[in-house]
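Following this line, the structures themselves.
Both of the next two complexes hold chain A, though its partner changes from chain B to chain C.
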Partner chain A sequence: MPTILAAAAVLMLAVLPVAAPWLQFVLTLAIAKGFAALGVAVLLRAGLISIGHAMFFAASAYGVAFLARAGVNDLGLLLILSVLAGALVGAVAGSFLVRYRAIFFAMLNLAVSMVFYALCAKLYGITGGTDGMPVPVPTVFGVVLGEPAFKSVLFYLSLGLMVFVGVAVQRYLNSPLGHALSAVHTNEIRLEYLGIPVWAVLLIAYVISAALAGLGGAIAGFAIGRVVPDFAFWTASGHLVLIAVLGGIGGVPGAFIGALFLELLHSAAVTVTDSWNLIVGMTLIIVIMFMPQGVYGLFARKEASSL
Partner chain B sequence: MSNAIIPLLLDSLASAALIFFAAVGLTLVFSVLRVLNVAHGSLYSIGGYVAASICLFIASRQLNPYLSFAALLFSAVLVAAIFGPLIERGLVRWTYGKSEAVQILVTFGLFLILEDLQRVIFGVQSFYEDAPMRLLGTSSIGGVVYLNYQIVLIGMAVVVVIGLRLLINHTRLGRLITAVVTDREMAQSIGIDTNRIFILAFSLGVFLAALGGALATPTSGIAPGLGADTMVLAFAVAAIGGLGQIEGAAVASLIVGLARVLAIYLAPSLDAVAPYAAMLAVLLIRPYGLFGSVTARRI
Partner chain C sequence: MTRPILEAKGLHVAFNGVKAADDVCIAIHDGEFLAIIGPNGSGKTTLLNICTGYIRPRSGSVLLDGHDITRLSPRAIARRGVARAFQIPQLFSAQRVIDNMMLALAATDGLWSAVRPLETAARRDEAMALLELVGLAGDADRISSTLPEGHRKLLDIAVALALKPRLLLLDEPTSGVSAIERFPLMEALMSALRQRRITALFVEHDMDVVARYASRVLVWNAGNIMAEGRPDEVFSNAQVRQRVVGVA
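Showing the complex of A and B:
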């Protein structure tokens, strides 16, 4: 049943831009943020809240821009390399960050991401400062596409990746390695006594979550056509955590549902008012206060009660 | 050398003093309520907006310009009296005992709301009212000219440190706060009205943030985005000093101020990186901050 629901949802997403072309950009961006929020959600499993994941999002987008400047010009290659860049930054940062817990983990992630942000904004000669860097339209397997065609390719590629990566992450979360994450949350010492190295469990999760954020950042970079330091600002990280929480405990679909919900809310709100953060903030508070299981909890309630 | 570095030092210390007001409020609220208020930076910028509005009003009516000093203080009191009880009673108290993730997210939601409210009420143009700074004029010692207002800022930061310490160690309210910080349940069971302490402590934190914002208007002006910038700087300072440490926040803002001077002197493009680099360096070695410890009393 859930598989059919998910398939129907993906199909609907695939058809939507045909009916309403302006939605394509919104949905691409939503999926991109969904990837990053999924990364945050993976760490939330272990009870670790990262207010710094926008750094990986931005690192990967900058990676695309730098590679494009260096002459790499194929979508597939750019995506793979930039996700690897995100994962690499994640491995370096994670190797020392996963020693910390609770508020210290949150603070250190924030500190690292703000160092990154300030560097991106200040090293004008390298990163273009606050003007950012352009992300050109790449070729797709050697085929040169116009911008509209490329944006369509990007959207359907993201949709495909969402399914593919989503299934992979779901399998990871269901594996012993994934279950160890929730075990870290409940009782870390017990895990150590069982002979499972918590440090390695968390580092793997951290690298995976950084790679997911990186994938999202690369897609967002392509979709927007420009990467700016604000990608890495702490409020962007806050938004990612917000999406992960909006998605709630829904696992993989939750993060994407949260991102879609937020992006659609955004595009609906901007037509009415400028104060869209006001609406998001209120929604967030209401969700946390009254729907602690997240938006996903609305759909999954029946399922949960039958367990 | 000294001619170049002394104005720079003074400038950095004055801006460090402003951040200190925000950071010490943050740290105070954290130690009493055990909630990290992500919306704290917004209260700083609201204080600034209110102060700028009142000062501009004074200027437009051509009232005695010295009133603007009172206006700076009054706006901080006003913001604290309105937002302190409102936020604590209306929102923050629902998160007591919940996980840190929930507390951070609820206050992040509040941050988003407050940022947009400021945009709606005060618009997107920047406010700048330097009457208080002009009134104090400049002085010159040994050929170095500096603004008296900056000296006042640094002096006020010192006054706040001493005042808070006196308040906590030598007044009845301070004793009550200490009791609540040390053991909340025990304090409650011997009859301390913890709710009242929470409101007072939170409002005091808001007052300090709003005071920082109000005092910042004459020097740097207020513009959208200030709340977000201040938040993360205040957070860096509070974290370096150790969350809950008043003197820690003071020393940390000195460190951040000096780090900025050093950065401007050695690598000018990196001055914005300095506070976060300092935060990272300190937290990696001592995650509980320079003055914090895992078990010690936290105020």
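Showing the complex of A and C:
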């Protein structure tokens, strides 16, 4: 996507909540899910579908809640520590999951995430069970803010992180490590014969994808103000895969475009009918059937044809 | 005779009772271009698979510079300077030709380079020089799956050369390459091997190629070495002519 178009899109996102304040929450949540979907999209490059990434989304969100309970009260510190927690969970799970491929990888991710979900729901004394845990409004660099002001700070911080992290992930995908990740999908034998350890390539990608999902989860936790086990439920993982495919895995912006598209579509559909799922479902069928490269494919195609 | 760079001692391999290697001992020395010929299914590719760690022999050992590599993985052996080009080209088919080359070049660089951009001016120039060598410079920006079979074969060889190996194992380098391109390719390949002081072991069915380029020939038949020597010696062996070359 040309830089000018991307900059214009970010600028438009920045001014939207000024014109329609109710959109701020929707957009914050969309960006949060965009980070998690980007994590899923990273693994999709290697042909690996994770139906369990909501676990990392939830792990970091719970991380924020636990750290806040332990007295950590700074937004920056909470974000960094909770993302590290998500990455750590990713390193532990990834160390054995990256040995598997295809349906086995997808199902094992699902199984592990459902164990995590069950623990969150059943360990009432620690996690609050299905009631979840509150995420209080933190300070921002020592400044105490009211909830509305904090939510605005959170939105613009998320927007900034979307650009910064997006560029970093694009750099990773353009590096030998990123190309090796794509190569896993086509020829693992040749990679091994190049002396490149496939397990290391996949584990690094898995940890990065877990950290991205964790970043999304932490932002969602702050935005909603509560963390519940449903963050880790399998439908949430499926939702992330859907966003990644809908947006398109051809480029980093795809995940965010998919998340924004789906959240805005959902917000619009609920105002029209109680059967909003019908509208969302039909739209998804149309997009998947007629836009195999996802919504991002439209922009990528325009870019290619303008060369 | 120079010291052996690669030695296989007492190799035994069998598939469903059929012997692919039966107490085989071979050695390849620095600077040699050793050709292995033999009928289809006689175990030539199996030997390459053993030497690169893809298959483990039932017994016997493979030594690289005197160090036992029998139990090492293909990755570990590749990092010790042994590269391989395959009978069926092993490429990253969804990536561009130049990306295949640059990834191979990056594989030999340090850890830090793994997080820097794959495409640098220096790496692209190096990749283009190798593509020029095998006659694929014009295809650099094509997706590798769109190349004709012969060109895919050439790319597979160029990728192996990009690893800057000390020992190159080639499995039928000229199969799938047109008759017109065959000798120019071999000339370029041999020139590159000599310039870079790369020792090569190649499995080949084209006896003209073997006669012209091999410094030594090893005749493999039913898991055993049937004959060994200079090309002229081997091709004058009546048994070899009858069973392998197909000339009575």
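One rule holds for everything that comes next: the second predicted complex is superposed on the first by the 301 of 307 C-alpha atoms of A that agree within 3 Å, B and C clash if a C-alpha of one lies under 4 Å from a C-alpha of the other, contacts with A are read in each partner's own complex, and residues count from 1 in each chain.
Here is the rule we use: a contact is a pair of C-beta atoms (placed from the backbone, for glycine too) under 8 Å apart; a residue touches a chain by one contact, two chains touch by 3 or more.
As the structure is a computational prediction, the values presented were derived from the model and not from experiment.
Counting the residues of chain A that each partner touches, chain B and chain C differ, and the larger count belongs to B. After overlaying the two complexes on the shared chain, residue contacts for A:Ile285 are found with chain B alone; chain C is out of touch. Of the two partner chains placed around the shared chain by superposition, chain B is the only one that A:Asn277 touches, whereas chain C remains out of contact. In the superposed model, A:Ile49 makes contact with chain B only, not with chain C.
Using the contact criterion defined above for the overlaid structures, shared-chain residue A:Arg69 touches neither chain B nor chain C, since it reaches no partner. When the shared chain is aligned, chain C comes close enough to touch A:Pro176, but chain B does not. Once the two complexes are overlaid on the shared chain, A:Gly238 sits against chain B while remaining clear of chain C. Taken together, the two structures place no residue of chain A in contact with chain B in one case and with chain C in the other. Taken in their complex, chain A has these residues touching chain B: 44, 47, 49, 51, 96, 100, 102-104, 106-108, 110-112, 114-115, 118-119, 121-124, 233-235, 238, 241-242, 245, 274-278, 280-285, 288-289. Across the interface of their complex, chain C is touched by residues 171-172, 174-180, 182-183, 185-187, 189-190, 192-197 of chain A.
Chain B makes touch with chain A in their complex at residues 36, 38, 91, 94, 99-102, 104-106, 108-113, 115-117, 119-120, 228, 231-232, 235-236, 239, 243, 269-273, 276-277, 279-280, 283-284, 287-288.
Chain C makes touch with chain A in their complex at residues 52, 73-76, 78-79, 83-84, 90-95, 99, 102-104, 106-109, 113-119, 159, 163.
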